[in-house]
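So, here's a batch of structures to check.
Each of the two complexes below includes chain A, the first together with chain B, the second together with chain C.
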Partner chain A sequence: MNSFWIILTGSLVAASCGFLGCFLILRRMAMLGDAISHSVLPGIVLAFLLSESRDTLPMLIGATAIGLITVFIIQTLHASGVKSDAAIGVTFTALFSVGVVLVSMYTDKVDLDLDCVLYGEIAYVPWDTLTFAGMEIGPRAVWGIGSVFLLSLVTVWLFFKQFKICAFDPAMAAAVGIPVMLFHYILMGLVSLTTVASFESVGAILVVAMLVVPSATAYLLTDRLSVMLGVSMLIGVLCSVFGYWLATWLDTSIAGAMTVVAGGLFLLALLFSPKYGVVAKVISQRRLRREIKEI
Partner chain B sequence: MTDKKTAPPLAVRDLTVAYQKKPVLRNVNLEIPEGSLIGIVGPNGAGKSTFIKAVQGLIPVASGQVEIYGKPYRAQRKLVGYVPQRESVDWDFPTDALDVVLMGTYGRLGWFRRPGKQDREWALECLRKVGMADYATRQISQLSGGQQQRVFLARALAQEASLYFMDEPFAGVDAATEKAIIQLLNELKAQQKTVLVVHHDLQTVPEYFDWVVMLNRRVIENGPTHEVFTADNLQKTYGGRLQTPTSPHFAAISPRSTSASNNPTPTATGITLASSFSGTSCTTKQGDQP
Partner chain C sequence: MTGWDVLQDPNTQWVLIGCMLLGMCSGMLGSFAFLRNRSLVGDALAHAALPGVCVMFLLTGAKSIGLFLIGAAVAGLLAIYSIQAITRYTRIKEDTALALTLSVFFGLGIVLLTFIQHSDSGNQSGLDKFLFGQAASLIASDVTAIVVVSGILLAATGLLFKEFKLLAFDPGFGRGLGYPMGLLDGLLMLMLLLTVVIGLQAVGVVLMAAMLIAPAVTARYWTDRLGLMVILSGLFGALSGALGTLFSTQIENLPTGPMIVLAATSFFLFSLLFSPRRGLLSRVIRFLRLRRKVLHEDVLQALYELHEQPHAQLTATSFTAEHLSQKTGKPRRRIQSALRALWRLGLLDGLESDTIRFTADGLVAAHQIVLNQRLWDIYHMNENQYQSAGIDKNLEEITPQLSPDTLAQMMKQLDDYDLTPTLLQKPKPAVSVPYTKKGGFSL
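For the complex of A and B:
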């Protein structure tokens, strides 16, 4: 049963990150996901200190607020002439370091250690359960990431056309009256929520891998946005299943093994994607060369 | 719809736009007649793209008013179609031609409605109008530059607007596509629609457009092509960066000197942008405004 909960948590984390990651990589904002995943740390610590508990809700609220502030600061810096990569670098390292300082200052009050924040510990997920009306209803992490994932799915389903046109052609979107900035912040809010809900399981560093790698893999495999979203979620689930299997076999970190699997799947897609893979390109070039010779 | 009859499609009063304090457009005042093809010409950095973005509210304006058929842009959005520069989007986006054209219907669908079967048929019809129906399911990165431009035009058609803004639709397309585009523009004109086109090829201005806006940070001239598109005004607009046929170098430097001789329209033909050929190029010095 414990394996089931771990794999389920991993799948939910990887699928929800992969799902939102598609929009991030299409808007060339993958590094904004990186920034958010790090800068939410002070939000988490502050929520901890203020609520004096490990409840999921205050943490989600605190981290989402900081996530949106991060995006806002980056945007403001960029608008005032700082290059966008520098703006991202400055903002998230500054906020992350504030988080580090806060964690070390309140180590005795905050039941959080830096290792856990950075690398997560998905193996402990099954023991931290939620009780509802006297009944044990499964691990807290599953409920946390599960509800955030559901929220992402419903939001994107409702506003699919807006998210699509904002990613493809924001100028056109603005011209027809779609509030581009609003949808930008909705997306970033969802990324923040997902990051926070995931970080306990996989940590702040690997959450970035989950945001970028499954969606980048899916991008190599399809020419349709809707298919890309589905494929990246499926890849997330595969990462979790095979990652757990690999970790048990090698007796190593589950989150690390999940990411290794994600990297392996990306490499496979890069080599063998039917349309954009290296192998397919070599074969078609050979065929072309032969045809030219025959003429 | 009643004020649509009386008010001009576009009226701009005292429009000033600045990027970081430096004004790009200064006190632009103009009115555009309905049912005409309008060329916006001017050198690089003259603010042509900025102008059509500013009137659509895509960039903040420092001052001034813009009225579309007598009302502010916000109220008239559904009457306006937009063709941005082709390079402004990522053509590797995972979607096909039909889907891009469908985006033209998003504006009138509102917040929650999705494009349905009817919209899909309409989008296909728009693709047919630009001769691209056979490419409906083609991934957009697999299209040539000219085909991508036609897809953008089809998307604007799908908006079913009365007033169109097109940012360099002729940039980097071959002769066949250029012909197809101009044919389409004339069809729009025949339906009493108004089309503003940012245009770079001065040779074709008298042939394509019945009205020109000559722009260089401010409006130099705004009027019927046969009246205002003169060598004199071109000199004013391009600030002495033009070579006229009187110049001894003309035949040698004109990149289109052969097509100029075929051009039957007399006004200001033979005037050629010589900037990029003569010494320091003004294009690299000023750069184009984003």
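For the complex of A and C:
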């Protein structure tokens, strides 16, 4: 049963990250996802310190606020003339440092250690259960990430057309009257929420892996956004299953193993994707060369 | 222990020297990375170093900085190659490739790290210090390694300064001159990699990127010259290293990396706000001054044109702030304050009696402004006639740019359009009104 809960949590994390990651990589904002996932840390710690509990809600609120602030700071810096990559680099490292310093200074008050910050403690998920009306209804993490996942699914489903245009052609979206900035911030808000909800399970840096790697893999396999979203979520689930298996086999961090599996799947797609894979390209080049020779 | 006692301790002195040298190296090399738009590559390199270090430990079972250096360097090279290969052979963009490589390598590193920790092979405890850095754990041999490597890096930067400058600003031109730009780019990457590797123990893999970015961005606020920027950046890096180390030795349990990064970030924030030319504060001041100057000029011009309107006489009717507000389309409150300021400058008179008029100086100033404005109008209306006159449209004043012939031609055109400023009978266009840079008039 424990394995089931761990795999379920992992799948939910990977699927919700992979889902939003598609939009991130299409808008070329993968590093912004990286930045958010680092900088939510001070928000989480502050929520811990202020609410003095491990309740999910204050954490979600605090960290999402910080995530949006991060995006805002980066945009402000960029607007005031700092190159965008440098703006990202300066902002997230500074906020992450604040978070790490807070964790170190209040170790006794904050129920978080630095290892957990980096790679989470998904293995302990099954023991931290939620009770509702006197009944145990499964791990808290599952409910947390599950509801966030549902929220992003519903939001994207409602505004799918808008998100799609914003992802591929923001200029056109603005021209047809879609509030591009609003959707940008909605997307960033969802990314922050997902990051926070995943944080305890997989840690700061592996959230980035889950945001980017499955969606990049899906990007190599299809040209349709809807298919890409589906494939990306599916790959997330695969990562969770095989990652758990790999981690129990090697006795290592489950979140790390999930990332390694994701990397492996990406490598497979990179080599053998029917349309964009390296092998397919080599074959089609050969064929082209032969055809040219025959002419 | 107070701060001074800590400084007396030879061990701390070593650590301090190590961190300062590290900050200097990362600052100097970071400025080249920054100018090449490669700031985040340092992030990827640092994260990628983790699996390299772990593999080295698994292979040898020893904790020596030399071996770790090699491991991290190999892993870093692999990461750079992956990023380049992914962007070249697939349709994935560079930022995604960067985030992907970074996180997969780091995930691998975490797997190996936890594997080592769970297999309790005794002295593994040092490895997790690589995550956030622990300068206090630096021992003499580590510091020696840092000194040697950073010495080499600084010397190489000095020797290759000219080449790196080309690389940063115009690699195409450099290739044209016959420099091996690809090789130099690779060399710069290698040097960045070495900086990252020696920084691992002090700052840690997670935050090493900040050491490459923050000092460079900070230095950029203070200068436009590459040489000075590199030096300043090195200085900021060294200072951050020193401050961060001092703070983290003072307070128990505080990892060094975040403290160094926070020190570097404070320098950045200070520069962002207060640097003399690019700082936000000076920009706001400049903007307000410009706005005031434009307002003053508008008021003078409006008053001039009001006087001009009926039949070119100075003492015609009484003009009030209301007239000016209507003429310029600006709110009355602002007009009033502009009038007071101009009165203080001795350009206007008669504010109390609501018969605003120019003083002698004021008339000259207003005449110049109107003439300049109308000459620009003429120029824009007949731009093709004046193409050979070599006029820079970005400058504020046109008269000093004109040759006597062109000026005469323009004055004639002004006459044709009936636009010649009439209030001052003897125009002295050669003498322009000297504006001070602070805005307002220096008459």
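Some points to look at:
Keep in mind that, in the parts below, the second predicted complex is superposed on the first by the 295 of 295 C-alpha atoms of A that agree within 3 Å, B and C clash if a C-alpha of one lies under 4 Å from a C-alpha of the other, contacts with A are read in each partner's own complex, and residues count from 1 in each chain.
Assume a contact is a pair of C-beta atoms (placed from the backbone, for glycine too) under 8 Å apart; a residue touches a chain by one contact, two chains touch by 3 or more.
Owing to the predicted nature of the structure, the values given are computational and were not obtained by experimental measurement.
Touch criterion met: A:Y219 reaches chain B and chain C at once.
When the two structures are aligned on the shared chain, A:A171 is found in touch with chain B, with no touch to chain C. When the two structures are aligned on the shared chain, A:M105 is found in touch with chain C, with no touch to chain B. Of the two partner chains, neither chain B nor chain C is touched by A:T64.
When the two structures are aligned on the shared chain, A:A209 is found in touch with chain C, with no touch to chain B. In the overlay built on the shared chain, the residue A:T9 is in contact with neither chain B nor chain C. Touch criterion met: A:L158 reaches chain B, while chain C stays clear of it.
The intersection of chain A residues touching chain B with those touching chain C, taken from the two complexes, comprises 28, 81, 219. On the chain C side of its complex with chain A, the touching residues are 34, 37-40, 42-43, 47, 86, 89-93, 95-96, 98-100, 102-104, 106-115, 118-119, 128, 131-132, 206-207, 209-210, 212-214, 216-217, 251, 253-255, 257-259, 261-262, 265, 268, 272, 278, 280, 283. Per the touch definition, chain B reaches chain A in the complex via residues 20, 53, 56-58, 74, 77, 80, 82, 84, 88-90, 93-96, 100, 103, 106-107, 109, 111-112, 114-115, 139, 155, 159. Taken together, the chain A residues at the contact with chain C in this complex read 25, 28-31, 33-34, 77, 80-83, 85-86, 88-90, 93-94, 96-98, 100-101, 104-105, 107, 114-115, 118-119, 205-206, 208-209, 211-213, 216, 219-220, 247, 250-253, 255-260, 262-263, 266, 270, 276, 278, 281. Residues of chain A that touch chain B in their complex: 26, 28, 81, 158-162, 164-165, 167-169, 171-178, 219, 222-225, 227-228.
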